[in-house]
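The following pair of complexes shares a single chain, chain A, combined with chain B in the former and chain C in the latter.
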Partner chain A sequence: MLSALIAGLATGALYAAAALVYNVMFSTSKVLSVTTGHTAMLGGVFGAWFMQAFGLPVPVALLGSIGVGALFGLLTDFVAIRRVLSRSDEHLWLLSTLALATMVQQAIALWWGTEPKPFPRVIAQDFGAGLLDQKYWLPVIVAIALAVGLELFYRRTLYGKLFVAMSEDIFAARARGIPTDRIRMLSYVMAGAMGGLAGFAAGQLTFAYFALGLTLTLNGFIALAVGGLGSNLGALVGGAALGILSSIATYYVGGEFQQTISVGLLMVVLLLKPEGLFGTRNVRPV
Partner chain B sequence: MCGRCEREQIEMKRLLTVIVVAAALITLPFWAGDQYQLHIAALIGAYWVLIAGLNLVVGFSGQLSVGHVGLLAIGAYAFAIIAGTHGIDPWLALAASGGIGALCGFLLGLPSLRLPGFYFAMATLAFALIVTELVLAFEGLTGGGVGLSVPSFPAPFDTSEGNYWLILGMAALVTWLTWNVARLMWGRGLIAVRDSVVTAQAVGVPVLHAKLAAFVFSGLTAGLGGALFAVIQSYITPDTFLFELGMFFFVCIIIGGRGSIIGPFLGTVVLTALPELSAPLAKLGNFFYGLLLLLVVLLLPEGIGRLFQIVLERLRPRRVESVPIAPQPERLAAAIKVGQR
Partner chain C sequence: MSISLRRALVGAAALAWAAGAFAQDAIRIGWLSSLTGPLSSAAIAENQGVQFAVEEINKAGGVNGRKLELITRDTAGDPTKAVNLAKQLAFTEKVHFIIGPVNSGESLATVPILARAGIPNLIIGSVDELVDAKKYPNAFRAINTNRQWIEAANHYALNVIKRKKIAVIGDTSGYGTSSAKTAAELLDKAGIKPVYSVLIDPNKTDLTDEMNKAKAAGADVVMPWSAATGLLARLLNTRGDMGWDVPIVGHPALMAPAIKKLLNKPEYWGNAVAAGYVSTTYDEKGKLPAKTQALIDKLHGKMGTGEIDYMLWWVALGYDTVKIVEYAVKQANGTDPKVIQKVLENTKGLQGVYATYSWSAAQRNGFPDHQIVMNQANSFKDGAYRAAR
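Let's look at the complex of A and B:
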C-alpha cells in the first residue's frame, strides 16, 4: 500500500511537471501543445544516450537534456506555432502540434528503437534502498522546484511579468510595446527546457521510452484540467491526485483499468467543476 | 448557348464521370493485377466507410476526433463476438455492430462534444486508449492479447471478389448518405458550427444536437467499417487497432480537405496505397503522415483539393460574364409611379 502511494506520487509528479509545461506555453500563446509530453520524452531518451553512448558525467548529460528540450521548444514555436497563430482559423495549432509530435515520436522510434531502455543512475545510491530510491523522490523534488521557480519567475522578474501580461490580454500587451513574438518564443524555449529537465529526472522511473510522449501529453493534460488551466498550484495538486489515484486503483483493481480510471477522474471534475480545482471561470464569448 | 443547356451539359458530363468511375470500380476484380491489389482496394473501401462518416464530424462540423479507431475496434470486436463466438447470422451481426458503434458514439459524444476543441480531441484520444485497455482486460470475451478469428460472410460474399463487391456496395451507400447530409440543410448547419459556434447559435442551429447527430452517424459507420475491416483481416488482436490508425483516418480527412467528400476520399486512397507501393514510405510510417499533415496545415489549410482547384483555374480560367450596369431612368420613373399609386 505504501509502495503504491509512493510510486503514484512519483508518477504524479511527472504528470504535474507536464502540466507546468502546458501552463508556460499556454500563458503566452493560449495554445495547448500536443508536443508537451514529447519534450519530457526527449529529455529522458537523450539523457540516457548522452550517458551511455558517450559516458558523459551526469551534470553534462543533464545540461544536454535541457538543451535538447529547449531546442525542441524553439522548433515547436518555429514550425508549428508561429505561422499558425497569425491565421484566424482556430484549432489549426492543434493539428500542427499534433503533426510535429507524431513526427518526433516516430523519428525517435526509428532511431532509438521501440523498446524501453534503462536509464543510468543519476546519483550514486545502493539499489537496495527500496522506497527511498532516487527514482521516487527525484521527480517529486524537480516538480516542486519547477512550480516554485515558476511562481518566483512570474512574481519577481520583469520577464515573468511580461508572461503574465500576455496571458491577460495579448493585444493590450502588444499595444504597450511588448515584443509578443519574442516573448512567446522565449516561453516555448523555457517550456522545452522544463520538459527536458523533468524527463531527465524521471528517467529511471519511466525508462528511456519513445511512446512516453503521448501518454504524458494525455495525463499531463488531465492533471492540468483537474487542477485548473493556468494555475501552477493546481498543476501540482492535479498531478499528485491523478498519480496517487491511478496507482491505488491499480493496487486494488489491477493494472488493466488505469487509463479508464484517470479519464473517469477527468470527467467527474469536468462535470462538477468545469474550470478545475484552482482555475478561473471562463467568460462566454458573446 | 443558353445558360440552362450549359448547365444540363455540365450535369451530363458529371453523370458520365460517375458512371465511368462506378463501372471501373465494379469491374475492378477483373482488371486488378493480383489478389493483393484487390485486398488493398477492399481495405480502402472499409476505411472509407468509416472515414465518410468521420468526415461529417471532422470535415464538416470541425470536431477534431482522433480516437475513431476505438469505435472501429468496437465494431470489429462486436462482429467477431456475435458472428464468430455465438455463431449468429453474419448479416444480423453486421447490423448489430453498426448499432453498437452508434450507441458507443452516442455515449462518447454526449459528454465530450460539450467540451472545447483541445479537450474534445484529448477525450477521444483517451477513448481510443480505454478501448484497447478494456479489450485486454475482458479476456474471456475478446481473447485478450491472443485475439479472435473472424468468420466471413456467407456465399456469394465469401470469396475475395464477393467481399470486395459487398464493401463497395456499403461504401457507395454510406457515401450517398453523407452526400445527402452534406449538401442539404444539415451540412450547412454543421459547417456553420465549424466556422463559428456563436454565429451558428445566433441563426438557430441547434449546436449540440447537430454535432451529436453527426457524431452518432459517424459511430454507426465506424461500427460497420469495423465489421468489414475485421472480415478483411480475418483475425483481430488489440495490436490491429493502434492509436496510429486513428491518426491515419484523421490525416486522410485533413489532407483531403475539410468540407468536401471527394477530397477525403482521394486522401484515403492515396494514403492507403502509397505505403503499399513504396517500401521506404512504409518504413517511415507515421513520420510521413505527420510530415504531410504539417505541410498541409502550414501551406494549404483547405486541403490538397484546393491545390487542384488553383491549378485548374490557372489552366482554364473561369469565364466571368461582365454585366454592364447602366442607369435606366425610364424604369426608375415607372417604379416610382407604381409606388406612388
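Let's look at the complex of A and C:
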C-alpha cells in the first residue's frame, strides 16, 4: 500500500510538472498546448540519447535535455501559435498544436523507435533501495522546485511581472508598451525547458519512450483542471491527487479502471467546483 | 517533331506495353507490413525474410517461369490504414496473394474484406479469431495461435517445473486482456485457479504493488501475457529489486533482445522462460535445425557475418510465407484463387524453415503444436535460443 502511494506520488509529480508547463504557456497566450506532454517526452528521449550515445556526464545531458525542450518550445510558438493567434480568435491553436505534437511524436518514433529504451541512473544508487529509489523522488523534487521557482519568478522578477500582466489583460499590457509577442515567445521557451527538465527527472520511471507525450498532455490537463487553471499550487495538488488516486484505484480494483478513475476525477471536480480547487472564478465586468 | 524523337516515343510506348505485359504475367504478392509504428521490430525482421525469399525465387527463374512481384505497404500498425491498403492491394493493384497484416488487431479488420475480395490471405497474427474455414475460406494461418503459446507455457509451469500457485498478469490492451482470459480458461480446464490475476496498463511505471500482491497470495510462478516489452522489463526489474526468486513463464516478448537493455541488472533476466519455437532453438550440441542453419548461412552471405541481433523466427516466418505462395502456385499451376484454396486445404506436412505446415478443409491453423518449445529468456544468441529444461 505504501508503495502504491509513493509510486502514485512520483507519477503525480510528473503530471504536476506538465500542469505547470501548461500554466506558463497559458499565462501569456491563453493557449492549452497539446505539445505540453511532448516537451517532457523529448527531455527523456534526448537525455537518454546524450548519455548513452555520446557518454555525456549527467549534468551536461541534463542541460542538453533542457535545451532541446526550450528549442521545442520556441518551435511551438513559431509554428503553431504565432500566426494562428495573430489571425484568429477561434480555438484553432488546438489543431495547430495537435498537428505539431503528432509530427514530433511520429518523427521520434521513426528515429528513436517505438520500443521503450532505458534511461541511465542519474545518481549512483543501488537498485535495492526500494521506496527510497531515486526514480520516485527525482520527479517529486523537480516538480516542487519548478513550482517554487515559478512563484519566485512571478513575484520577484520584472519578466515574471510581465507574464502576470499579460495573463490578466493582454490588450492592456500591449497598450502599456509590453512587447507581448516577445514575452509570449519567452514563455514558450521557458515552458519547453521546464518540460525537458521534468522529462529528464522522470526518465527512469517512464523509460525513454516516444508515446509518453499524449498521456502526459492528457493527465497534465486533468491535474491542471482539478487544481485550477493558472494556479501553481493547484497544479502540484492536482497532479499529486491524480497520481495517488489512480495508483490506489489500480491497487484495489485493477489497471483496467485506471483511465476511468482519472477522467472520473476530472468530471467530479468540474461538476462541483468548475474553476478547480485553487482556481479563481472569472467575473466578467459588465 | 523530329523523326528521331518520334521514333524514341514509339520505342518508349512499345517498352511500356511490354513492361505492362510482363507485370500482368508476374505473380503479384501484396505485403501488409507495419514497418513503422507499434510492433515494427517484428515487422522489419519479417520483411527481411519476405524480401529475401522473393529475391531468391526470382533469381532462380521465378515460379513456373513467372517472376514474383512484391508490393509492400506500410500500415504503421494502424487498423484503419491496414483496411485502406488492403482494399488498394485487392482492387487497384489486383494482387494474387496478400501476406499479413502483421498485428492481429489489423488483421481482424482486413480478413473479412479480403474474404469478400476472394484473395488468398496468409495470416501472420496469432489471435485465435482470425481464421474461420466457413467465414474466411481464403485465409490460412502460418504462425501459431496465441492459445498454442499459452498451452505450452501452462504445460511447462504445471508439469515441468511442477508449480500450482500461479499469478497471471495481463495488460489492459485488447491483446493482453484476451490473452490473460485465455490463460485463465486453460488453467481452469487443468483444475487450477490462479492465486492472483491482474491486468496492468502497459505503460504503468511501477509494478511493485502487483508483485507484492502476487507474493502475498503465495504465487510460486508468475505468468505474464503481454507483448509490451516495457511492462515485461519492469516486471523483471521489480522481481529482481525485491530479491524474489520466482520463475517468470510467459509470452515470447519476455526474451526479446530489447528487454535486455531495460534491465537494472543483467542477472534479472535469469529464471525467466518464454514460449518459442523448435526451429529457432539450439539442441544439446548447440546446433540449430538444418533448415534454420541454411537460412542463417544465406542471410550471413547477404548481410555479412556479424551476429544476428533480432529474433530469427520473424525472418523465418516471413521467408516461409513467400515459399508457401511458391508452393501453392506450383501445385495449382496458376493463381486461380479457388484452385489455390483447394491446394492449401490439402496441404500436409509442408516443410518450411519456421514450421511444418498442414491445413485442411476444416482447419485453417497450419502450425503444429509440437513445434512450440519453451526457451530460456536470457539465452539469446545469433537470433536463436536455448531450450528451458
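Following the convention adopted for this analysis, the second predicted complex is superposed on the first by the 281 of 286 C-alpha atoms of A that agree within 3 Å, B and C clash if a C-alpha of one lies under 4 Å from a C-alpha of the other, contacts with A are read in each partner's own complex, and residues count from 1 in each chain.
The rule is short, and it goes like this: contacts are C-beta pairs under 8 Å (C-beta built on N, C-alpha and C of every residue); 3 or more make two chains touch, one makes a residue touch a chain.
Remember, it's a predicted structure, so these values are computed and weren't measured experimentally.
Chemist: So if we stack both complexes on chain A, do chain B and chain C clash, or do they fit?
Modeler: By the criteria stated at the top, chain C and chain B clash after superposition.
Chemist: Between chain B (first) and chain C (second), which, if any, makes contact with A:Val148: first, second, both or neither?
Modeler: Neither chain B nor chain C is touched by A:Val148.
Chemist: With both complexes overlaid on chain A, does A:Ala4 touch chain B (first), chain C (second), both or neither?
Modeler: second
Chemist: Report for A:Leu218: first if it touches chain B alone, second if chain C alone, otherwise both or neither.
Modeler: first
Chemist: Determine, under the contact definition given at the top, whether A:Gln258 touches first (chain B), second (chain C), both, or neither.
Modeler: both
Chemist: Contacts for A:Leu205 in the overlay, against chain B (first) and chain C (second): which applies, first, second, both or neither?
Modeler: In the superposition, A:Leu205 touches chain C alone.
Chemist: By the touch definition at the top of the document, which applies to A:Leu110: first (chain B), second (chain C), both, or neither?
Modeler: In the superposition, A:Leu110 contacts both chain B and chain C.
Chemist: Contact-wise, after the overlay, does A:Leu94 reach chain B, chain C, both or neither (first, second, both, neither)?
Modeler: first
Chemist: Does any part of chain A touch chain B in one structure and chain C in the other, and if so which residues?
Modeler: 110, 254, 256, 258-259
Chemist: Can you name the residues of chain B that touch chain A in the complex?
Modeler: 62, 64, 66, 111, 115, 117-119, 121-123, 125-127, 129-130, 133-134, 136-137, 197-198, 243, 247, 254, 283-287, 289-291, 293-294, 297-298, 301
Chemist: Which chain C residues qualify as touching chain A in the complex?
Modeler: My answer: residues 36-41, 171-172, 177, 198-201, 203-206, 208-209, 212, 229-230, 233, 237, 240-241, 243, 258, 261-262, 264-265.
Chemist: Using the touch definition up top, name the residues of chain A that touch chain C in the complex.
Modeler: Interface residues on the chain A side: 1, 3-4, 7, 10-11, 109-110, 113-118, 127-128, 130, 133, 136, 205-207, 209, 211-212, 215, 247, 250-251, 254-256, 258-259.
Chemist: Give the list of chain A residues in touch with chain B in this complex.
Modeler: 32, 79-80, 83-84, 87, 89-92, 94-96, 98-103, 105-107, 110, 214, 218, 221-222, 225, 254, 256-260, 262-263, 266-267, 270-271, 285-286
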